[in-house]
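Have a look at the structure that comes next, please.
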Amino acid sequence: MSAPAAPPMRRSRLWDTLRDMAARPSGAIGLMLVVLHLVMALISPWIAPYDYREMNSAVILGGPTAEHLLGTDHLGRDVFSRVLLGGREALVVTGIATPIAMLWGGMLGVLLGLRGGWVDEALMRLVDAFLALPGILPLLVLITVFGSGNEVLTPTLAFFFGIPVIRVARAAAHEVVARDFISAARARGHSPLSIVRREILPNVTDTLLVEGAMRWSWMLLGFSALSFLGFGVAPPMPDWGLMISDARVYMSLAPWGVLGPVIALSSLIIGINLSADALAKTLGLDQGRKAVV
Amino acid sequence: MIQLLLRRLALGFVTVWLVSVIIFLGVEALPGDACTAVLERDAHGEALAKCRVDMGLNAPALARYVDWAGAALTGDFGVSANGQDSISQIVGYRVRNSLLLAAGALSVGIPLSLLLGVVAGLWRDTWVDILFSAGAIFAMTIPEFVAATILILIFAIWLGWVPAIVLTPADAPPLDFFPEFVLAAVVLTMIMIAHIMRMVRSSVIEVMASDYIQMATLKGVPYWQIVFRHALPNALLPAINVIALTVAWLLGGVVVVEVVFNYPGLGRLLIDAISDRDLPVVQAITMIVAATYVGVNLVADILGLVLNPRLRSHHMSRG
Amino acid sequence: MANPPLIDIQGLSIGFLGRSGAMLPVLHAIDLRVCRGESIGIVGESGSGKSTLALAAMGYLKHGLKKISGEVIYNGADMFARSTGELARIRGGQLGLIPQNSGQALTPTLRIGRQLHEALRLHCALPDGGHEARAIDLLTQVRLPDPAVILRRYPHELSGGQQQRVAIAMALAGEPDALLLDEPTTGLDVTTQAHILELLRDLARTRNMAMVYVSHDLGVIARVCDRVQVLYAGETVLEGPVQAVLKTPAHPYARGLLASIPRLGDRSLPRALEGRPPAPGSDRTGCAFAPRCALATDQCRTIRPPMVTGEAGQETRCFYPEQTTRIDMTGSGAPLSCCMADNPAALSLNRVAIRYDRPGALARFLPARPRPPATVDDITLTITQGETLGLVGESGSGKSTILKTIAGLLPPAEGTITLGDGTALTPRVEQRRPEQLRRIQMVFQNPDESLNPRQTVADILGQPLRLYFGLKGAERHQRAAALLETVRLGAHYLDRRPGQLSGGEKQRVAIARAFAATPDIVLCDEITSALDVSVQAAVLELLNDLKARHQTTFIFVSHDLTVVRALSDRVAVLYQGRLCEIGASAAVYAAPSHPYTEVLLNAVLEPDPDHAPRLLAEDATDLSPPARGCPFQRRCPVKCGSICDTDIPPWQKAADGHAIRCHIPLKDLAKTGPA
C-alpha cells in the first residue's frame, strides 16, 4: 500500500522538491553549501580584498594576518582573494558542460533504450570501448593538442562526461519500456518520438536529475584534477586545483596555502553530493526504504 | 550457460577491438606524427620524408593499423618516439609497479569495505551506520589529490612517519618501494572502500527486507545464521561487479595519485608520455589499460554467472 | 469450546508512526482464540490488516510496525514478551508459517535440501544421517514426486505449486502444534490450489494441528475452516462458525462481500459493493463500514458498535444484526446484455501460431538444436460483432499472448488475423493504419503498470483523443470528462494522477482510455485479477453496461472461470497455447466437455462450505507443450491410449457451434458431466 493520497497540488514542483530537500539535514547542509559557493562566485570580484595578480615581494609565503586572512603564496599574492575567485572558472565550465552532457547522453540513451536492436547493440559496444579508456586520457590528449581554453574544455568535458550518461539513461528507459503503459501507447499507434516525449521522459527525468547532480560533482573533480596536473586553467588565473598544486611544494613552510583551496573545493563537492543524496531521497529514488503497510 | 559465456567473451573482444580502432583513429586525427615528434624542429623537407619512409608512415592507414594491432597482440608495442627504447620494456616495469600499488590497496580494501558495508547495512540508521556512511561520502567526494595532500601534510611533514614522495626508480626490486608507497596505497584504499561499502550497505539493506529473510526469521533461524547463510550470499553477489570496476580503475586510472606521490606506475608514465607527445607509448598504455578493464569486468561477469544459481540455470525461466 | 485455546490473542492493536508523529493503527483491539485441531479463517480485502495479524501471532512485526496494546498468549506467555532465543525455538517449531509467495520466501542461493535440513537441525532432534531420510519423508508427505531430486534443486527451478509444497514440508519439519497460513494459495492455478488445500486439510486432520488461514478468498475459507473471522479496516466485524458466516452472515459487510463473488452456478452479474474501505491508519468515529452500508444510521456514524451476539452463534460488530438479512445476497440480477449469434464477424484468427524464442546471432554458429514447439499454435477463432468471448486457461496457456498478438505487440510466427470487413491486419503495430489501430483497444491486467504514473487522468484520456480525433484544448477536456462519466467517475478526477486513485478507480480510467477511441473490439487482459472481489464486481457491472450501450465486441481473458462465466457469451478454453474447447458459455460449462475443462470446473472453489472440489488430474508441472499429439496428454484423467500421444485430436462438433477437440467421442464425454 502506498501512502495515503496527497491532496491535489497546484504549487510548482520545483519549489516543493527544494522544500522537501531542505527538510532533510543532508539536503539543508548541501543546498546551503552550493548556494554559498554560487553566490560567492557571482560577487567575489567585488568583495575580494586584493587583485588576484597583485604580488607583494615583502610577504612571500606569509602566514595568516589581519591584512592577509589566509596568508600569501610563493609570489606574495593574497591567498584569501585567490580562494574567493578560484572556483569561478570551474563553475562556469562545468555549469555549461554538465547540462549539455546530460542532454545529449540522456536523449541518446533513452532512444537506444526504446529502440533496441542492432543499432543499440553496436552503439553500446562503442560506449563500452570509450569507458574502457583510462578516464582522463582523452581529455589530456585533446588539451595538449588544442590548448586548455574554456572553448576547448567545455565541449570536451560535455562530450566525454555524456558517454556514461548514455548507459544510465538507457537502463532507466529500459525499466520504463518494460511497463504496460508503453505497450498501451505502442498498441494505440503513437510515434516513437511521441512515446519518448510523453511516456518515457517524464519517468526518467528524476533519475537523470540525480545523475546530473552526481555528474556535476565528478566533472568538477575532473576539472580540478586537470588544473592540478597543469593541464587546466592557465596561470595567473586562480583555480583551486592549480593553487593546491602550487602550494604543495611549500607545504612544509606554509601549510595554510593548501588549506584554503582544499576546504573551498571539498566543501563545494561535498555540498553537491549531499544535495544529490537528498534529491534522490526526496524523489523516492533510493531503494533502501519501503512503505510500511 | 556455455552460450552465455561465449557471448560475453565475444563481446569483450569486440570492445577491445573497438578501443584499438578508437586509439588508432584518435592518433591519426591529431596533427603531427611520430616523425615530427622525433625530429622536433628538424621536421621538414628531406629529413622528415626519409624518416617517414623509414618508419613506414607512408603506408595506407589500414595497413599501418594492421601492423600495429598485429604486433600489439604479441605484446610488441614498437619503440618509443623519443629514442630507440622498447616500449614493452619501459611499460613492463610500470605495469608491475601499478600492480604492486593495486595489490596493496586491494588486499586491505576489499575485506575492510565488505566488513564495513555489512555492518552499516545490518545496523542501518544507528550511529555506526551514520558514521560509516558519512565517512564514505567524505572519502568519495573529496578529490584524491586533496586527500593525498592532507595525508602528506599530516603523516609526512608534521609527523614524519613516512616519506612524502617516492624516489625509488621504476626498475627497482618491489621491496624497495616499501614504505614509500604506503600513503599512496592509503589514499586509493580510502576511495575504493567508500565505493564498495556504499554499494554493499544498500544491498544488505535490500536483502534483509526481503521475504526470504522474514521467512528464515519465522523459521526460527538464529540471527547470525540468517545473516551468514541466507543474507550475505545474496547481498554480496552484486558486489562482485563493483569490485571489478574498482580493480580496473586501480590498475589503470590512478594518474593523479601516482603523480602526487611521484610513484613510477603506468599513470605517471601516461602523463609523461603525453607531455612529451610520445604517441606510441600513449597508445600502448591505453591498450593495456583498456584490455585490463574489459578483462576484469569479464571475469566479474563470469564469476557472477557461476556463483548465482538463478543465472546459472537460465533455461528454467517461466513466461 | 471445552479445550483451552492454543493461541489466545487479546485486544491486540498494532500501528505505525505517521508523519505527524502520531501512532496510526492498522489493527484495532483484535481478539482471536485458536484451539488444537481447529481451523480459523481470517478474511478481509487488501489493507484490512489480515497478514499483519497472522505474523503478529508469531510475535513478529514488519519493519516500521509497533504493538500498541494487547497480548498474544501462546503456551501461557505473551509472544511479545519472550526472549529472542525462546522465539527462535517456537517459530518454525511449535508454530509454523506458510507464506503467500514461496517463490520469494525461499532463499534463492540455497538448495531446497539445505533449507529443509536447516529446519530439521533447528527444531528436530535426530541422529546424524537421520535428516536426509526425514527430509525425503517430509517431501513425500506433501506429495512431491521425486523427493531426492527436489532436494538438490534451487527454489527457482521449481513450479509455484512445488515451491508451496516445499514451504509446507519445511513448516512440518518442526512438528508444529499450529500453522499460520498467509494466503497460502493465492497466485496459484485453480487445480494447484485445490490440490494444496486438500493436502492441508488432510495434514490438519491427521496431525490434529490448529490452523489459521488468512485469505481474501471466501472459497478457500469455505473449504478448509471451521470458524471465520471477518476483518474490515483493521477490526473484527464478524466472527462465527463457517456455515453461519457464509450462509446467513450477520454483518452487512460480509453480506456485501458474498454478494460480490461471481458463482459458477448462475449466469448473472455479481452485486457490487460501492465505495472503498478507509485507508490504514486513518482515524474514524463510529462504524468503519458505515459509509458503505445500506443500513447505516446516525448512530452508526458516531458511535463505534460493540460486538454483539447474532444469529447462529455469530458475534457481529453491528447495531442492527437482525436487519442485515434484508440485504440481498444474490447476484445483481442485472439483465446480462447478450448478442445475436448470427451477427457478422468482427475479427477472425486463422491458424495463428506464436513463438517467443528467436534464434540469436550466435546461434547460427552453434550446432542446430530442435526447436521447441510453438508457445501458441493453431488458433482459429471467429468473434462476431457485439459478442464477448471469454478466453480461459491456467498460467502458461498463452491467453494473454494471443491478445498481444491481436494488438500487434507480438507478431505471430504463422497465420493471419483479419478484421470483420475482410482487411488483414499487418503483424506489427507499427505497420497498421491509424484507423485499424483505433478499432482495436486493449485494457491491461494491472492499472499500476498500464497507466503512466507521471500523467494526470486528463493526459491519459487525452492521448487517444488527440491521436485518433485530433481533439485539442477545451473540446478534448470535455470529451475526457464525458468519458469519466461513462465509467462512473466524476470530472474532478481529471487533475489527479494514478497514485492518488484506488485500484478500482485506476482500472476504470484504463477502461475509459480504451473507450476514448470508440473501438469496435476491446481486448481485456485479466483486468479484474489485481482487484479486490467487491471492486471486481463493480468493474464487471461497468463492462456489461458499456457492452449494452456501445455494442462493443470484447475478448475477455481470465484465469477465473467464474468471472468468465459471469460475462461471456462464448468461451474458449486454452491449454498450453492450444484450443481445447469452444462454444456458447452455457454449453461449455455443461456436459459434454473436454477433459481439461472438466478438470478446471471441478477444481473451482465456491464460497459454500457444502461444496467440495473434485481433483481429477495432477496439477501442471511441465512448462512446455508436448511435441506431438494431444496437448493435454500428460495430465488427462481419461486418456484413451497411444493415439493421444501421437495424433492431434480432431474437432468434434456438438450443437450450436460448440466444438471439443478430443479423441473420445462426444457421447462418452457427456457421461462424465460436471459435478
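The chains carry the letters A, B and C, assigned in the order they are written, with residues numbered from 1 in each.
Here is the rule we go by: a contact is a pair of C-beta atoms (placed from the backbone, for glycine too) under 8 Å apart; a residue touches a chain by one contact, two chains touch by 3 or more.
For clarity, every value in this text was computed on a predicted model and none was experimentally measured.
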Average the C-alpha coordinates of each chain, average all protein C-alpha coordinates together, and give the chain whose average is closest to the overall one. C
Between the pairs B-C and A-B, the one where more C-beta pairs touch: A-B
How far is the middle of chain A from the middle of chain C, if each middle is the mean of its Cα atoms, in Å? 48
Any idea how many Å lie between the Cα centroids of chain B and chain C? 51
Between chain A and chain B, what distance separates the C-alpha centroids? Give it in angstrom. 23
Residues in chain A with touches to at least two other chains are numbered none
Which residues does chain B have that touch at least 2 chains other than itself? 209
Residues of chain C that touch at least two other chains are 62-63
In the complex with chain A, residue positions of chain B that touch it: 11, 14-16, 18-19, 21-23, 26, 30-31, 124, 137-138, 140-146, 149-150, 152-153, 157, 202, 205-206, 209, 249, 252-253, 255-256, 259-260, 267, 270-271, 274-275, 277, 282, 285-286, 289-291, 293-294
Given the complex, residues on chain A that touch chain C span 1-2, 4-6, 8, 179-181, 183-190, 198-199, 202-203, 292-293
Residues on chain C engaged by chain A in the complex (per definition of touch): 16, 26, 46-47, 62-65, 279-282, 404, 407-409, 429-430, 432, 434, 437-438, 440-442, 444-446, 449-455, 459, 463-464, 467, 495-496, 499-501, 513, 517
Which positions of chain B touch chain C when the two form their complex? 3, 6-7, 10, 209-212, 214-223, 225, 229-230, 233-234, 237, 308-310, 313, 316, 318-319
Partner chain B, residues of chain C touching it in the complex: 55, 58, 60, 62-63, 84-85, 87-93, 97, 99, 101, 104-110, 118-119, 122-123, 154, 156-157, 159, 167, 170, 174, 356, 362-363, 366, 375, 396, 401, 623
